[in-house]
Structures are given as C-alpha cells and as structure tokens.
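Presented sequentially are two complexes of chain A, the first with chain B as partner and the second with chain C.
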Partner chain A sequence: MNNILVMPMIIPLLTGILLVFLRPYVLVQRVFSLVSIAATVAVSVTILNLIQSDGILRLDFGGWLPPYGISFVADSFSMLLVLTTAIVTGILLIYAFSSIGRAHENMFFYPFVFFLIAGVNGSFLTGDLFNLFVCFEVMLLSSYVLITLGGRKVQLVESIKYIAINVLSSWFFLVGIAYLYGTVGTLNMAHLSVRIAEVGQGSLLTVISIIFLIVFSLKSGLLLYFWLPGSYSAPPTVVAALFGALLTKVGIYAMFRVFTLIFYHEPGVTHLMIGIMAAITMIGGSIGAIAYNDIRKIVSYNVVIAVGFILVGLAVSTEVAIQGSIYYLIHDMIIKALLFLIAGTMIYLTGTARIQNMSGLIRNYPLLGWLFFITMLSLAGIPPLSGFIGKVYVGQGAIEAGAFVLLAIAFLSSIFVLYSLLRIFLNCFWGETIINEDDDVPLKKGMLIPMVLFGILTIALGVGAEGLAPYVTDAAHTLMNPKIYIDAVLNSDS
Partner chain B sequence: METLITILVGVLVTVAVYLLLSKSLVRVILGTAILSHAVHLLLMTMGRLKKGAVPLLGENAESYTDALPQALILTAIVISFAVTSFLLVLAYRTYKETGSDNLDALRGFKDE
Partner chain C sequence: MKINDVILQTVTKIVVFIILTFGVELFLSGHYNPGGGFIGGLVLSSAFVLLYLVFDIETVHKGIPFDFKKVAAFGVLLAVGTGLGSVLFGASFLTQTASYFNLPVFGATELSTVMLFEAGVALTVVGVVVTIILSISEDV
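Then we have the complex of A and B:
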C-alpha cells in the first residue's frame, strides 16, 4: 500500500479539470501546466527510486485486496515510461506555448493534453486488464479531441478514420476481456497469470491471446499501421509530436506486459507471430519512409519502423533483448518528439511540406540544421547518442536467441531510417539557399529551446546510459520473471 | 439461454459490420453503436445468465449472479455513449465543412 502511486495519474487529471475553469486566462494556464508537469516528474522520480529500495509497489483502491479490487502496480518498467512521458510532455508544452496559437489555448488545449497524460500514465500503472481498457479510452477520447481541435478539413476527415479504427480496436479489446473472463474468471493481471499457469495455456487461451495481440497491434501500429501516417500528419505539430512520442508506446507497453506476464507459455505461436509481424512492419515502414516526398509522411513512417524494431526485443524474449527494447523505447519517445517538432518547424518556416520545395535551410537556420543532423544520427544508432545502446542490446539478444533473419531486417531497417532522413537533410538543409535573408521567417526562441532541450536529452541519454542501467536491468529482470510481479501483487500482508 | 444470446450477438455483429462497410457516415456511426452493444451482451453472457438470483450474496446464499460483468458493462456503456456522441458531432462538423457525408467523396486532398 502506497498512496504516492496514484499521483502520476491524479495530478494530470486534477490539473486538467482545474484548467477547464481557467479557460480565458492563458498565462495562468501555462504556469499551472508547467508546475503540474514538474510535480509529476518529481513524483515519478521518487517512486522510481522507492521501487529500487522496496521492490514493486502496489496500491489497492478502497482497501479491496487483489484479486478482488482494482490496484495500481508500479515496477521499474512502468515507472521509467511514466517518467519519460512526463519529461517529454513538459518539453512539448514549452513548444506549444509559442506555436499552438491563442485559438487552441482558449479552446481547452491544455486540459486535454493533461487528460491524455492521465490516461497514458494510468495505462502504465494499472494492474487490472479492464482498468487498462478504461485508461486506454481516457487517453483515446482526449486524443480524438486533440486531433480534431482546430477543425481544418484534413483534420476532420483524418480523425474519422482514426476514431473508427480505434472504436474497432476497443471493441476487440472488450471481446478479448469477455472471453478471458468467461474462461478463467478473473481480470487482475497477476491473478490471470497464476490461473493460466495452473490450467496451462491451451489452444483456447492462445486464441484469446491472439485477440489481444490484434488489439495492441492496432493501437501500437504493429503491422496494422495503415491508419497511422494519415492521422499523424493531420493535427498541429505539437499534437502530432505528442501522439508520435506517446500513443503508440502505450500499445507497445501493453503488449510487453501481456505477453511477458500473462501469455508467455506458448512462445512458439504468439512470440513467433509477433516476430513475423515486427519484420513485416519494419519492411513496410522502410518502404513508406523512402516512398514519400511529404516530410510529415516520412516522419510518420519512421514511427512505424521503430515500433517494429522495439517489438523484435519482445519476439526474441531474452533478458538482454528486453533490456534493449526498454532502452530503445525511452530513446524513441524522446527522439520521435524531437523529430516531429523539427519537421513541423520546417513546415512552419517554409510553408510547404514537400521536400523538393525546400533547400539550403542550414544557411538560414544553422542550429535547426544541426539538431536535425543529431536526430538523424541518433535514430540511426550512432554511438554517443541514445539510439545506440538499445540497438546493441536488441541485436545481442537476437543473436543469443538465434533469430538471425529478424536481426538482419532490424539492422537493415536502420539503414533505411538513415537514408529516409538523409534525403530530407540533403534536400532541405543542403543545396542552394532559396530563401533570401530579408524574407526568411524568424525562428522563435520558444520553438528552438524545446528542440535544444530534446537534443541535449538524447545526448545525455546516450552518454549517461550507465546511470539508467540499474533501472533498466531491474525492469527487464521483472519482465522476464513474472513470479516477482505476481508475488508483489498477490501477497496480502504488505 | 446462453446459446441464444450468443447467436443474437452474432446477428448484431453482422448488422454492425454491414453498416460499418457502407459509404454513408451516419450509417458507419450507427454501426459502431450496434457493435458496442453486441459486445456488451457478450460480456453479460460471459458472466453466465441466471434468472431470479441477485448479485449480492449473504454468507449462505444458494444462488447468486456474478456482479462483475454487470459493472464492466456499465462502464463500457458509458464509454461507448461518449464516443458515439463525439462521433455524431464530428460527423455534423464534417458535413458542414465539406457538404457531404459520403465517405468516398471525402477521400483525397488536392492540397496534400
């Protein structure tokens, strides 16, 4: 029992409600949101360190002991993601201050960002499958609002697709929950794990697990990513960055949780399927990333490739590979936010999204150009930057498990990532400067600072990976040994 | 009884899929509504259907209904209600903006 666990969800929720009433006072809204996100970061760091000393923490709501009540469970894996979410959102909020515009700020933009964060953090922390569904819905409903806010024609049409596909995946989620409840009679994740281990994961349960695989694949964009590039290129830059950094990651988290804790008995079926899907995702994403000339599309397909890459770690399921996936997950949340911000800023500066209409930007905006260069290297996995360590560990895990085909595709996809971004770099930043100094749009400080912060973060994460290592090792260890999680949830004396 | 309801769920899903695949936006929204009702019924069936028993149990109740699926359905209904109302407003806005509720006409943009 530890009440601090509820804070990462309750702080954003209360902030969101409060901000609804502060609608006309934009400045107050900004100050409140920064203070509240800073508080969330502080609480997350505290919990993360508490876990290192006390083990997995649990909070039973209303004093109902698991498996009867709903509980929040925090292990290193979920807290690392909560912490990264809070940091990324904080920096994105700074970017929003100077880019999103008065109309958005007056129309409940900040409250819905906070409701989104509440849903995301709730999904990371919950220990109950149905509660996971509810938190998903909180997150999705806020994302529906954020994607349509502004009401441009593209946004409206893309959001219809986005909502329809998510309603369908929520439907599958409920079907999966119904079948699972009908079969084993519980929805607490730890309890599910125990019961499934007792009765054995027969063919019926494997089929149910595949329903969950479909659900989380739709959410995270694993193989079923056809909706993703369109939806992520419609909303304003900062919303797209928020989606690209956070939303798919929640699906990935759920997949890791479910397939390491509950359905881990039949890796020959489920994990093989994840592996094949990850491979096709990386291939499809690579083709998409080099096929388009629209910078938003290229960036969105890069999200798809990363999803495939992270799930290679789950597919091979060795402790080292899982560690790699966790490193890469954290890295990807930061770097995708940065990538979307840079792409959006380029569109803002030039007024076009097509890469052949931009040229020589590095002369006009040198810092932006170098930031893009760093992002590119980091995504490709060049050593001192944050992408490197994740790739090494995933690769090492794949070799240990003998998954050489998957390994080859994973590393080939890195080359495609590099090529797709190099195309942007060569086309847009190099070449003849076509904007002369008199009519170039000034790059606002408020836009540049958050991007520089992300840049520093990706370098810090690469250089300081050693400092993160104990947390990641613990997270991977817990994921690979479900018994630790189960013991922490189901012992009633703590 | 369970079999009967399960067949009903199947019929509802069939209707919903038919509506979802149609071109009119309003029909698609009705399709999502029916789809979620189908799964609510499925959830209820999964808790076993018993007649005449109450969910609350005393120490020595002979027969009782599982209350959990009903709690789940209640939550799911509220959520699907919210999503459906949001979709309806969105459809209205889209119709006002584009002058069409035909999904074929909404495809593709010249300015992209």
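Then we have the complex of A and C:
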C-alpha cells in the first residue's frame, strides 16, 4: 500500500474542484494553482526516487487486490512522464496568467486545466485497461471544454471535428476492451500479459491488438493525424501549448505500454505496422511542415513529425531505441510547449499568423529571437541541447535492429524540421524591421519568463542528460522486460 | 403569449414530491440492491428539471437558490474526500467500511462510509444534469 501513488492524480483533481468555488477570486486561483502544481512536482520526484530504491510501486484502490480491483502502478517510465507533465503545466500556468485574459479566468479555465492534468496523470499511472479508458475520457472532456472556451468561430468549427474524431476513437477503444475481455477475461494489464503469454497471441488477439493500435494512433496522431493541425491551431496559445505538449504524448504512452507489456509476441505484424505508420507519419508531417505559410500550421505539423520519430523507437523495439524514445518524449513535451508559446507570442506581437507578413522581429524582441533559435537547434537535435541524446539513441537502436530505411526517414525528417523552422526564422526574425519603435507591442514579462524557463530546461536536459540516465535506463529496462512489471503487480504480499 | 398550464402546475406540485421520495429511496437502497448514487441522482435531478419546465427559471431559483455548478463540484469533493479519508486512517485510497449502530428510532442500522461517497455521486449527477438543461435552455 502506497497511498502517495494516487497523489499526482488527486492533487490536481482536488485543486480543480476547489478552484470552482474560488471562481470570483482570480488572484487566489492563480496562487493556489501554482502551489498545487509545486506540490505535484514534489510528490512526483519523491515517487520517482522511491521507485529507484524499492522497485515498481503499486496501490490497490480500496484494498481490492489485482486482478480483481483497480490499481495504480508506477514505474520509472510513467513517473518520468508524470513529473514532466507537472513541470510543463506549471510553467504554462505562468504564461496563462498574463495571456489568457479575465474572461477565461472567470469561466473555469484553471479548474479545467487541472482536470486535464488529473486525467493525463491518471492515464500514466493506471494499471488497468478500463481505468485507462476512464482517465482518457477525463482528459478528453476537459480538453473539449478548453478547446471551445472562448467560442470564436474557428474554435467551434475545429472543436466539432475534434470531438467527433475523439468520440469515434473512444468508441473503438471500448469495443477493443470488450473484445479483449471477451477473449481472455481480464482487464488488469499485468494479468492480461500473463494470460496472453499463456494462450499465445493468435490471429484473433493480433486483430484485437490492431484495434488498439488504431485507437491510440487516432489519439496520438500516428498516421491518423488529419484532425491534429486544425484542432491545435484553433484554441488560445497556452491551451494549444498544453495540447501540443501533453495530449498526443498520452496516446504514445498508451501505445508503448500496450505493445511492450501486452501484445509483444507478434512484432512481425504489430511492430512492423507501427514502423510503417511512423514512416508515413514522418513523411506526411514533413511535407505539411514546409507546405504552409501559417505559423500555427507549421508548428502543429512539427508535433506530427515528433510523434512519428518517437514511435520509431517502439517499432524497432530494442532497449537502446526505447531509451532514446523516452529521452525524446521528455524532450518533446518541453520543447513543443516552448515552440507553441513562441509561435503564439509572435502572433500576439504582430497580429498576423502568416510568415510572409512578419519581418525583422529580432530587432524589436532580441530575446524572443534567440529563444526561437535555441528551440530550432534543440528540435533539430544539435548537441548539447535536449533533442540530441534522444535522436542518437533512437538511431543507434535502429542500426542495431537493422532498420535502415526507418533510420534514414527519421533523420531526414529532422532536416525537414530544421528547414521548416529555419523558414520561420529567416522570414520573421531576420530582414527589414517593419514594426517601428513607436507602435511595437511591448512583450510582457509574464510571457517572456515562462519561455526563458523552458529554454533553460531544454539546455539543462541536454547538458544534464547524465543525471537523468539512471531513471531512463530503468524505465527502458522495465519496458523491455514485462516480467518485472507483472511480478510487481501480481505478487500479493505488499 | 400566456399559456394556461394550471393542470400541469398543480399535478407537478404533487408529482415532484413523489419523484423526490423515489429518488431518495433508490439512493438508500444503494449498495446491496439495485439503486445507488448515480440513478438516485438522475431521478432527483429529473424532479428539478420538471420544476424548471413547468415554472420558469426565476421562480424556481427563488425556491432553490443554489448554483448547480457548485453543487456538482461539492459532490465530487465529497466523493474524493471520502477516498482521502481512508488515507488519513492509514488504509488504501478509497477503502470503505461499514458497521451496525443502535440508533434510537431506527434500531440496529447499518451506517457505511460508502453512503457518503454515493451522496457525492448523487450531488454531482444532480448538479451536472441541471446545469446541462439550464445551459441548453439559455441558448433558445
């Protein structure tokens, strides 16, 4: 029994509820949300270190033992993501204070951010497939609210697509769960893994696994990303950053969990499919990223490319490649938040989203320009920034597994990322200054500080990758050896 | 246009109490028989919705001056709170307990913490359903 495990979900949930009662007091809401995010970070760090000393932790809700009850299971992989989620949300909240506006703050903006975080953290921590579905829904419901809040026309148009596609994929998720329960009679992930290993992953179970692949692909934007660029460019900057940083990552997490723990017996079918889908995703994302002149679209397609890249690690499925994916996942959560913030800030400053209408921004806002430069290098994977280590490990893993085509596409996509961002940099930051001194919009400190914090984080993550290494190694080791996870969940002594 | 709905209003005044009683009955039959917080809450909220339909929003607000969004939030708080209560007593999160008490009028009665949890669920359902109906009606 480790009640601390439930805290990364319960603290945001309680905060969200209490903030509903504090609706008129905006200042109290802000302070309260920062304090509780800090508490979430502290709890996550504690759990992460606890795992290193005691192994995987488990909490059975209400004392009902698995496989009958619902449990939360924390291994290094899930806790690394929970910790990153908390940190990224904390910094994004600072940005929201100065950018989101009173109308949002009075319309339950902060409570829904916290409900979203509760859903995200719940999805990372749960050890039960149906509970994963529930946490997904908590997260998605909050995201529906956040994407429509404000009610501009473009938001409503995009949110209808977003909700329709997510309701459809949730339905597929339920169908998949029902098939799986009908076939093997359990929904606890560890128990599922044991039973599927016993009966063998026949063609029926492989088909079911492909249903899950489709579901998580829709959620994470792997191949089925057609809904993503539109939905992610409609909401206000900080919400877009929250979505870009967190939501697709939950789908990716679920895919890693399901295809390393439960359906790992037929890599010739499932992992090959993931590989092909990742390749097409990277190609499509690259084309999208250079095809548009709308800065929000370019940034959104960069999310798509990253999804493909991370899943290369899962497709080749060696321990080194998985390590690379985990590094890249953490890096991507931070850097995508920063990228979305910079793009949103540029639109705020210039009043336009088209890159040919901006020019010479680095004269007016030097720090913003240099931050964008750092982001660009980090996304392209230049050492010593945080994107480097992930790319190296994924590449090394792909070479070990002999997946040279995938490797080539993955690294070519990095060039396209660099090119698409370089285009923004050359068009918007270089060149003649078109905003004169008198009518340039002042860049608020409250907007700049969070971006600088993210900038520091990406440098720190690159330089300090050594400090993260033991956690990531442990996470990848657990993912590649399902037995460790199963033993931790199904032994009933604790 | 003034609609004459004397019959509807008169019937509602009686029916609402029947619905409310049935809702409480469903809620109390809770955890051993069919019933519980969710359906109990749905039936309770149908009573409120009926009131809103038959009388207008202002009149009902005079009688029931709650912000139903806050009712929903309070419900979730109660449900999560009972979960956290078990943490305070050193048990796993969401552990429920029950035991028998000798009460003056009722005799030996079973009181259980799951009742508080279910009350939270019921309040949430009432709050959410009424909020949904009210916000739909605002649009028209």
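Keep this in mind: the second predicted complex is superposed on the first by the 494 of 494 C-alpha atoms of A that agree within 3 Å, B and C clash if a C-alpha of one lies under 4 Å from a C-alpha of the other, contacts with A are read in each partner's own complex, and residues count from 1 in each chain.
As a convention for this text, a contact is a pair of C-beta atoms (placed from the backbone, for glycine too) under 8 Å apart; a residue touches a chain by one contact, two chains touch by 3 or more.
All values reported here derive from a predicted model rather than from experimental measurement.
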Overlay on chain A: chain C relative to chain B, clash or fit: fit
First (chain B), second (chain C), both or neither touched by A:154: first
First, second, both or neither for A:141, with chain B first and chain C second: first
Touching partner for A:174 - first (chain B), second (chain C), both, neither: first
Touching partner for A:61 - first (chain B), second (chain C), both, neither: second
Chain B versus chain C as contact partner of A:130, first or second or both or neither: first
Superposed model, angle subtended at chain A by chain C and chain B (C-alpha, nearest 10 degrees): 40
Touching partner for A:204 - first (chain B), second (chain C), both, neither: neither
Of chain C and chain B, partner touching more chain A residues: B
First (chain B), second (chain C), both or neither touched by A:294: first
First (chain B), second (chain C), both or neither touched by A:18: second
Least C-alpha distance (whole Å) that remains between chain C and chain B when both complexes are overlaid: 6
Chain C residues touching chain A - in the complex, by the definition given at the top: 69-70, 73, 76-77, 80, 83-84, 86-87, 91-96
Partner chain B, residues of chain A touching it in the complex: 130, 133-134, 137, 141, 144-145, 148, 151, 153-154, 156-157, 159-160, 163-164, 167-168, 170-171, 174-175, 177-179, 181-182, 187, 294
Partner chain C, residues of chain A touching it in the complex: 1, 3, 6, 10, 13-14, 17-18, 20-21, 59-63
Interfacial residue positions of chain B with respect to chain A in the complex: 20, 25, 28, 32, 35-36, 39-40, 42-43, 45-47, 68-69, 72, 75-76, 79, 82-83, 86-87, 90-91, 93-94, 97-98, 103, 106-107, 109, 112
